[in-house]
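Okay, got some structures for you below.
You will see two complexes here that share subunit A, one where it goes with subunit B and one where it goes with subunit C.
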Partner chain A sequence: MAEPAVKSVPTASAAAVTTQQSAKRQEIFAGLVFIAPAFVILFLFMILPLLVAGYFSLTDWNGRRPLNQEGAYEIVGLRNYEQLLIQGRRVDDFYNALKNTVYYVLGVVPTQTIIALVLAVIVNQKWMRWRGFFRTAYYFPSITSSIVVSMIFLFMFSNTGPVNGFLSSVFPSYKPVTWLANNDGVIHNFLGVLGITENSSTFLKDTEIFRISLWDWLSGPSVSLLTIMILAIWTTIGTMMVVYLSALQNIPAQVYEAAYVDGATAWQAFRKITVPLLAPTTFFVITLGLIGTFQVFDQIYVLRNDTTRETTMSVAYLVYDFAFGSLNDPRMDRATATAVTLFLIIFVATLIQRRITGGDQAK
Partner chain B sequence: MVKMRLVALALLLVLALSLSGIAAAQDSVTLRVWTGSSSPAENEFKEAQFARFQEANPNITLDVLISPDYGTQIQAAFAAGDYPEVFTAGQFDFPSYVDSGLLMPAGDRIVEPDDIYPSLQAAFSDADGNAYCVPKDFSTLALFYNADYFEQAGVDAPTAEWTWDDMSAAAQAITDADLTTADGIEVVGLSAAADRNRWMAFFWGNGAQLFNDADEVVFDSPESIASLEFYANFVTAGTGAIPANLGGAGWNGEAFGKGYAAMTVEGNWAIGYLRNDFPDVNWGVVEIPTAPSGNKGTLTFTECWAVGANAANDPAVADAAWALVNFLTGPEEAVANGNEGFGPMPARASAAEAWLAAQGDVGAPFVAGADYAWAPVFPLGYGDFTAAVDEGTVAVMNGEATAEEAITEAAEIAREIQAEG
Partner chain C sequence: MTTAARSVGMDVDNSKTGLGRILAIAGYSILILVAIIQTVPFILTIANSFKCDPAITTRPAAFIPAPPFGVQCATQDESGNRVVLNADDQTEGITFNPSFNGYESILNSTGAANNLPRWLVNTLIYSVAVMIIRIILNSMAGYALARIKFPGNRIVFFIILGVLMIPGVVLLIPRFLMLNQLNLLNTYHGYVIVLAADAFGIMLMKQFFESIPKEIEEAAQVDGANRFIMFFRVILPMATPALTALAIFSFQGQWNNFMDALIIVGTDPEMFNLPMGLTVLTGSGQDIQFDLVLAGAVITTLPMAVIFFLFQRYFVEGSNYSGLAGQ
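Entry: the complex of A and B
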């Protein structure tokens, strides 16, 4: 079989080149066909709307004027961004929302990542009984509708709800907290325990950045927002745990065996083997968490009320509020400008996070 | 192959049938009619109305959509420029609808316009008084009180002659009486939502305005400040509370129904809610107490049937659309609406009796309110102003700002907006 092949080398190689070329072409074609559905969907529902939103953020469209009508909108340049970010009546609203969102992200993402990792390691232990049950139990909140979960929290954290009931039965001196209607910042509360109040420092009280005083910037999330953060952590750890679990099962058992032969303790094995080998997963989990938390909307939609309007306002909620909150004066232009700004914030935050967690080295 | 051919044949048949359907419809007019979905009773009533209209006008075909997600759907339709010929509009949406050129002016097409409450028609007219939209029904605010608590605290039940001072004194007396509910919560005098659309009943009652006759912003008048002070004082003085702090209630009606508060300011939509969910509570309703100015004020929330500007292109469509709107809002249907007796009151004075008969005595204060009610709608472009009022309302009721500070700040913003034009 080898002989004739060698004989026909020149013709065969020419044929091979053409077949190789056409095979390559076919491959490219097949590749394009395979990514086409995903690309079309992404383009139609993500990229195109993003571009359209970017366009309308440069106009004064109210979201109602028929676009096929003459003079439905005018191009106003960067006016919406200027009014939102630099000077305007709603500048403090935007930075207040941004402040709340950042506290929310900083509180939720590390907590849910660490708890998910610990839970995943625990339910991955071989000696663990009813592993299946625990895995299901922890995953359950993630597959429940966030609206339903929010309603449950609404009940649990109400004045006469189970949380306050439990706390007052354990600590008889506990004064019931109105979890979902409390605007006090938790850092403010903590400082208050140490005897530091708004009036302790005129520098903090009187220095204003974007019409919000330094003291208010340092408030931390309000008690109401903290409750929403607890809810977010509780619902997301299940998903993150499942991701960690699948990565854990990909770590070869021999690595651990070798470590134990060398005399490693369980803690050392966790620190020196599990955590480093899970780094790519951690990057993924944190990225997902970051994007999800920056866009927090539905939990806030259900759990806020008139009195916590300001301290539970997130940037994503502000987008909704501008576009649909005021029936009297809908501002689609401003809403899209806010949405584009939020997109840029998330983009930058993800880049920074990629640097810090070394996501580019992760395979 | 045979199968393919059969499918193709079937498709052709369907196409032919639908084409013939279009051909048949061309002799008559088809109207797209969109409205929001509310209670099952009201949806049923709307369906019945459409059926009655169809029967009387066989040449007009109605393509009806009753949507639970109406606001989003119609906004998308407006933006696309392909919207229904007849639809409902709320008072808050109205100014931007007119500004966006979405409504066909009514001209003199409205039947028996004098029968419609002037305060409602005013809510659906532009600054020059041109009507665009015909009020369908409306709600007003009044004072609900828990008769048992008043008796237990030894306070006389409220009357229509009550003043602000009487209301404050009663809230104080009931709070001081230390009544508790079955689940151990202390009863307060008033459930007071931190909502612009509640306290502003006292604002207009006290003779305050956003603009004076010379079109200057007078939102920071002493009457205005006094009205917010009066309302917020219930909460800051502890003789009232916001519903969220009353057993975590979602709104005034719930806090009141569960017995956490002896009084609350709510609309006639609360009547059916209280009857269904809290049949054991012994409650009554009176008009909102008289302000120091000697006048009464209340807020109205109303909806109208509108004809889209797109109907104006074709006289036949416009005539059909106005025929439908006049049918839906006309005297006869208003009485039918009243007889049904669900939530809102018919927009025609001639139908008030029917509504009262269906609703009972508790409806009377709401009907009486129609004479001095204000639609709490501010001009287009004043969104930042209303946002400032909302923020200020919450700040004052949380004790973080005085009424004067909050009102002054909002007034400054209104002046700024006015100066920008």
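Entry: the complex of A and C
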């Protein structure tokens, strides 16, 4: 056996090189075969559509002229964006939707984050029992379809629904609120209680920014939009609480023991240990919240109606409304421009958020 | 589960002192209050789905379909027209006798505006098909990213990571246009192919495969197994927990998926899924037939609720990954 082995040394090493090469080739082949199907799907239905949206936002295609017909559309550059953002008959629509969306985001994201954190901290206490029950109860709404949840709210907040029923039995002087057909701005209502109305300040009334008066910018969400915000918070706190809870459980108990030995109070421990150590989680929860709330759509689809058309219009819904809202006048060019704008808004918002919450240290 | 290792946020473990007891009472009060807020809407939805429409309007907050018992929701007059009884007539009698009017009318109808049995079957087809294909495609892609060196591995990884950040709303119109051109609108395969892989699932699987010790693969390699045999015979069977999580997320996502259904199968009532169909049931928002709508809500939620209670662990663990998901 020894002799042939010695003789075959050169051939063996050559063979080893070729097997190594072919093994490497096989590896590359395997890698491509494994990744290709999923990548092709993602490319075709996630990345390509993004490019298509960008492209059509630069055209004047209305969506009715067949695409394969000669001259179905022309490239018009940034005209759609200009008509949407700067001057044109859709500027009102856009800034109204943006106003609603910003109120929605600013109302929902901080509230759901704080409630989730507080709940997680309480559930995580050593003496707490029935943890599993609370976690399940809080989490359940988030596994339910957004449409079903919206329908439940449609029922709960209807004029004769349980919410009004409950409130009038607790507060005899309560006048039932039409939650889902109510365009009154929440801040306007509050100011009204203080005696401040539109006519109190000619400055607020007459100063216009993007054709919306300063007074109207300060309306706050309408009561109907507020109901949708309550729905969003109600649905999401469970998920966010679970995320916080698992982060809390990763903080070693010794950290707290050391702090208590040094004489820290419970509140100090919370402020100086828990909150800073949860910063990456908070960053993560807020990012999730921002991306989700800026796109609010399903809930509005169910809970809006002709009365609240204006005050529940979100930017995401406006995209759909431009494209499919009117069968006689679909505007794919304008709709895609709105969609791309929303994409950029979300992108910038997450960047700003990253700066503020110090997400650079986050995972 | 990990009580011993549990760390504490703002712990006051002096429950014998007055302050500790007050904090404990306050803590439980908050949790119980929130638990009531989170569960009562579901309980009322179930309760009211067993009432007749007028009773839902007059006594929506009654937990048990009572006292309006022994209910007949409607009778027929001499000429055979349906006459809905008013709430007081419905409250006759004192035996527990819930109304199945909502369920009956929703499960027996086959019209375009109300075809729940068909939508239920559609939803099942969409959800199961997408789930099976995603299990295969996502785990293959996740494995390639985790373990196989091929040119472009890093770039593909970052592209897929970027895909996670694309807001769904941007995709609405272009997907509609593309599927329209390809004649894939309102078809089963159109729905399934668009959703056949997802970035979140790929990342989930990648993360899992990275946690498997390399030695196992090296041992398989010594035994002469190539990547394909290794993956399907050795690696995939080890991945059952991750695959279960992936399957559940995928199923849940599609069972509840409204926005994609609206675009892909939203123009043919025969092809609706349940969420899409439910929005048609509520109609224009005026004169909603609540018994019907609430019965539909219960039927839609029930399968997810069963899955949730069976696999709760995966949901809870999974929401820690779901940071990746975005939606």
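Please note the rule applied: the second predicted complex is superposed on the first by the 314 of 363 C-alpha atoms of A that agree within 3 Å, B and C clash if a C-alpha of one lies under 4 Å from a C-alpha of the other, contacts with A are read in each partner's own complex, and residues count from 1 in each chain.
To be clear about the criterion, contacts are C-beta pairs under 8 Å (C-beta built on N, C-alpha and C of every residue); 3 or more make two chains touch, one makes a residue touch a chain.
Fair warning: this is a prediction, and the values are worked out from it, not measured in the lab.
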Point to revise | Overlay on subunit A: subunit C relative to subunit B, clash or fit | key: clash
Practice item. Would you sort A:Thr207 into first (subunit B), second (subunit C), both or neither based on which partner it touches? Key: neither
**Study point:** First, second, both or neither for A:Gly161, with subunit B first and subunit C second
**Key:** both
Review point. When the two structures are overlaid on chain A, which partner does A:Gln21 contact: first (subunit B), second (subunit C), both, or neither?
Key: neither
Check your understanding: Regarding the shared-chain residue A:Tyr139, is it in contact with subunit B (first), subunit C (second), both, or neither?
Key -> second
Check your understanding: Between subunit B and subunit C, which makes contact with more of the residues in subunit A?
Key -> C
Review point. For A:Asn305, is the partner it touches subunit B (first), subunit C (second), both, or none of the two (neither)?
Key: both
**Study point:** Which superposed partner A:Leu67 touches (first subunit B, second subunit C, both, neither)
**Key:** both
Review point. Of the partners subunit B and subunit C, which touch A:Arg89 in the superposed model: first, second, both, neither?
Key: first
**Study point:** Touching partner for A:Thr178 - first (subunit B), second (subunit C), both, neither
**Key:** first
Practice item. Run through 1-9, 109-117 or 217-225 for subunit C and report the one that clashes with subunit B in the overlay. Key: 109-117
Study note, to complete from the structure: The shared contact residues of subunit A with subunit B and subunit C are 67, 154, 158, 160-161, 180, 305-306
Review point. Where on subunit C is subunit A touching in the complex?
Key: 2, 5-13, 15, 24, 27, 30-31, 34-35, 37-42, 44-45, 48, 56-58, 60-61, 137-138, 140-141, 143-145, 148-151, 153, 156, 159-160, 163, 165-178, 181, 193-199, 202, 226-228, 231, 252, 255-256, 258-259, 262, 274-275, 278-279, 282, 284-286, 288, 290, 293-294, 296-297, 300-301, 304-305, 308, 312, 315-316, 319-320, 322-323, 326-327
Point to revise | List of subunit B residues in touch with subunit A within their complex | key: 71-72, 75, 78-81, 83, 90, 92-93, 95-97, 99-102, 183, 185, 193-195, 242, 244-245, 247-248, 250, 377-378, 380-384, 386-388, 390-391, 393-394, 397-398, 413, 416
Review point. Along subunit A, where are the residues that touch subunit C in the complex?
Key: 26-28, 30-35, 37-39, 41-42, 44-50, 52-53, 56, 67, 115, 118-128, 133-148, 151-156, 158, 160-162, 165-166, 180, 234, 237-239, 242-243, 246, 248-253, 255-256, 266-267, 269-270, 274, 284, 287-288, 291-292, 294-295, 297-298, 301-302, 304-306, 316, 319-320, 323, 332, 335-336, 339-340, 342-343, 346-347
Practice item. Enumerate the contact residues on subunit A facing subunit B in the complex. Key: 62-69, 89-90, 93, 154, 157-161, 178, 180-181, 183, 305-307, 309-310, 324, 326-331
